[in-house]
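Both complexes shown next keep subunit A, but they swap its partner, so subunit B is in the first and subunit C is in the second.
Our next item is the complex of A and B:
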């Protein structure tokens, strides 16, 4: 065998490994340190103070509100996306006129940055001159303008709806991959046996799609939990922190209120949570590999 | 009526609510972008006449050129950085079996799952420590590093589909590994690298929170931050200019993405299965 740096895998992966490790571990170390220290708003450490920052996070009512909304946000988007994406993927898997056009349209939100999508929605939802209000009035669904983003009770559901719209493309893609892996013979056999459509769906499609459903749920939970631009570019968590989720609350703690200690403590906890999700994903993916 | 036509009509009818919701923001963006200034605030759908001038005025008013240049600079350089370290790593992952391979694969997965937002305070301190605050190069570095996981993942899944026999044949013919790599492997891997580079570029192009945190002066803003700054915390917003800028910043990338989307799907799918 010829000796060459090109045949040593460790040398080949080293630069990528170092870069990726550095960008995660250095900030993580910093976060850990700050979270255990008394720190002023300019980031100067003033001595260890144990878990005080962690306690401060948990006793902040804004944190509890944001935590609760993060559950609703993540759960609402993940479940909503799932309910819509399964039938959409099944339709797109069939052969019909204009299927490629339909696919492109459904994938479209994936192609646009979330920031831009959110800014356009912010304008569309504008109370006085927004095109959503005028559109709904034209078709007679409402008779006066709704101030969509002025109250959490309308703003938050709309933000969840936008979240669902932008999560559908990725989810549908995974499901399409899953559907195309189901052999056609199974369906033909079921047809010969006289199975109804619903039976075929329940007995063949759903069980074989299960690994794909699992993976999409876990991945979406991670992505949605982390999603910042939709809320930030529409309401910035307002009015009065009433649409904050953990990521926007974290950003405010760190860069608006200058509470670096608490923000770092929150980051560390969120990191731990994400790590747990990731391990769950790896476990699911491995199980799929084995079967 | 033939059965396929009937089926098509039914499916389009079923999909139509979703399609309307998806296309609605695009319609809002385009129609507002061509509305004359004095009609923007009136809640009508169609403008009396199309004001194509908005696109020209927008360029100066929104400082579009500088932000466009910053976005291109950041996206290109961070992609180059990510690919420079990912190509060898992906090559090693697809061609060799070695101890620690599983660990490296899972390490990549973890870095991919972590959104920069969770680390943003630590990243901010890192950038301050490097003396790169308010410098677009800080963004190049952070994007490049965060993209490594995705690019290695994509490249490796494509590289694994290139048969190893071809390189081995070249070795037997007496070519050095370096020569085999350049003459045999790289030409075959070029399409995969191009596709991966484009997705890495789009990721960087669309990124928001890191740019929002690290860039403090308008001269260094990338497009998402520049456009966001025209909207956030302003008393009056020139929506027709904002929408024209959004349109120009979004549509070219969206078209490329829509065109290449199936390769992304395939790359992710192979990567997930193998």
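Our next item is the complex of A and C:
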């Protein structure tokens, strides 16, 4: 059969590709150019300076700290969300009275802007007049106010917890979709064979949910890695840079210190890092699926 | 795609230049929004100017403070900046070094210069040329809560840091949720809160040899004094979770005995806590009687690439007449920068403002150094480390000073 050239698949994806290239590749090219140049704080290029910007970022001790914290941050939120969202989605998938209301309540945080959520939490975490402290005191868990945001040892875990809370709605939605795609007769057959609930979960639910788990992990990894509002609104990466992750560090570098060259170099590195992780994860997940 | 973009750009440029032709007498002014009164004030000034100068067109662009530098950066890199703009004076060095701000000396007559307090003109003088005019000025003084002073049996307002420490401990003993001295330990100006004591102990941000002054006795003593206030419970707990607004809120709630901040707190108290009995006093002095307040000015600058510099200057000239200055200064709650304005009863008889203006001879401004923001951040990090008890004052300040010297040497 002779195909019309108009149905050539490459031709058909061309408009979409061009649009994507314009939105993604063009800024990336710009970013790369700036990162290899000496740039003044007004974004005017002052000539090539090779990899100097990259070296400057790498030799900054704050960079390594922020990099390490980014891994904890991303890993903590992605894994934490996964652990909570799977049972939540399974409960919401059951038929019970008031299920639709429960679903709405779970989804609601999604409708609120992330920055607003973070600011509300900042108030709630206030040491003297915060809701969290007075709530904990009322139920007798603590008898003295805790200054949550005063040091990293309390601030960073709380920030990760907020991150988990705001990631749950999206993840649960994906899982609910996945669960509804598992045919009921599989469960019925397993029940007839006398499988326990745990066995059903391990042998039927988990394997069939795998593609959904994978996509949620990849998407959450990308969102969380680049998530700025929670940390910025609560501590701005402080005290003394102890809650900085790469993206807040990037903001300080670019817009506070006016080092646009170094900021661009860091952006390129973050992009490469994220791309590498995503490709690695997708490759691993796919290989396991095939075997 | 590229050619379309090119065409669009060409068309845009053509349009822009035509607009320039049609209205040769346009002056665009970027102003920072200090309050809801800023925009209307400048619109009114523009209207008055246009009436007095037929054929001229003043366009006011009001921009929120937080994004002002970002907007200017974008405008300048795209060559689309206005003719005049308000900027933070501490940014001026970058504008001057890159040849973006125009010197104003050719326009300034002696008569014009005499309209200002010299101390406010100084910060915008660079390489012996004046690049900006002080549009807004502010300084810091100590607010104290009279009711708490009475309860703790303190008759005299502390005038030295030793007296302050003593008073703060007495007030802090009044109750669990009462703090003697509100100490800011988070976000912007955390470093400045440290400088109040640092200056009083005789410290200098940049020493005469061009290195950081943090690693001196003044630095160590100021840090140790603040740390001992924290440790003895004379400050609010968890100082590193309080930014300036948070401490001000505690003060408005009557939970803080003393704090150091800007004149605008008076206006806030008037509106939000009118029953609070407070006073404004000088920032305490050090053992040798030295004291320093932080002076901040915002400048209005003219861009080097402006096409209508003469007209732009004429507008500046109007803005800095006594009538327009008085209107602006009282509306925004800033300090008067002009002697004639300061002499008006509305300002001269305001007890709070008087306390601030009395401090002006001791005012120190952020040094005009490229990279100052980074030095301020390094200092903030160091004092936070000390407040948290994660580092000894001397070792932490020495390390910070070394880092700052690296920035200064660039």
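Here, the second predicted complex is superposed on the first by the 248 of 291 C-alpha atoms of A that agree within 3 Å, B and C clash if a C-alpha of one lies under 4 Å from a C-alpha of the other, contacts with A are read in each partner's own complex, and residues count from 1 in each chain.
We take it that a residue touches a chain if its C-beta (ideal position, glycine included) is under 8 Å from a C-beta of that chain, and two chains touch if they have at least 3 such contacts.
Nothing here was measured: the structure is a model prediction, and the numbers come from that model.
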Partner chain in contact with A:128 - subunit B first, subunit C second, else both or neither: both
Touched partner set for A:258, first subunit B, second subunit C, both or neither: second
First (subunit B), second (subunit C), both or neither touched by A:151: second
Superposed model, subunit A: greater residue contact from subunit B or subunit C: B
Touched partner set for A:42, first subunit B, second subunit C, both or neither: second
Partner chain in contact with A:197 - subunit B first, subunit C second, else both or neither: neither
Which superposed partner A:16 touches (first subunit B, second subunit C, both, neither): first
Partner chain in contact with A:240 - subunit B first, subunit C second, else both or neither: second
Doubly contacted subunit A residues - partners subunit C and subunit B: 22, 43, 128-129, 236, 255
Parts of subunit A lying in touch with subunit B, wherever the complex brings them together: 2, 4, 6-7, 9-13, 15-17, 19-24, 26-31, 34, 43, 84, 87-88, 91, 94-98, 102, 104-117, 119-124, 128-135, 138, 161, 165, 168, 173, 176-177, 215, 222-223, 226, 228-229, 232-233, 236, 247, 250-251, 254-255, 260, 263-264, 267, 270-271, 274-275, 277-278, 281-282, 285, 289
Touching residues (chain side subunit B, partner subunit A) in the complex: 4-5, 7-8, 11-12, 14-15, 18-19, 21-29, 31-32, 40-45, 81, 84-86, 88-89, 91-93, 95-96, 98, 100-101, 104, 106-111, 113-115, 117-126, 128, 142, 144-146, 148-149, 152, 171, 176-178, 181, 202, 205-209, 212-213, 224, 227-228, 231-232, 237, 239, 242-243, 246, 249-250, 253-255, 257-258, 261, 265, 268-269, 272-273
Touch list for subunit C against partner subunit A, complex: 1, 69-70, 72-74, 76-77, 94, 98, 100, 177, 185-187, 236-242, 246, 249-250, 255, 371, 373-374, 377, 380-382, 384-385, 387-388, 390
Residue ranges of subunit A in contact with subunit C within the complex: 18, 22, 40-44, 125-129, 145, 147-151, 155, 235-236, 238-241, 252, 255-258
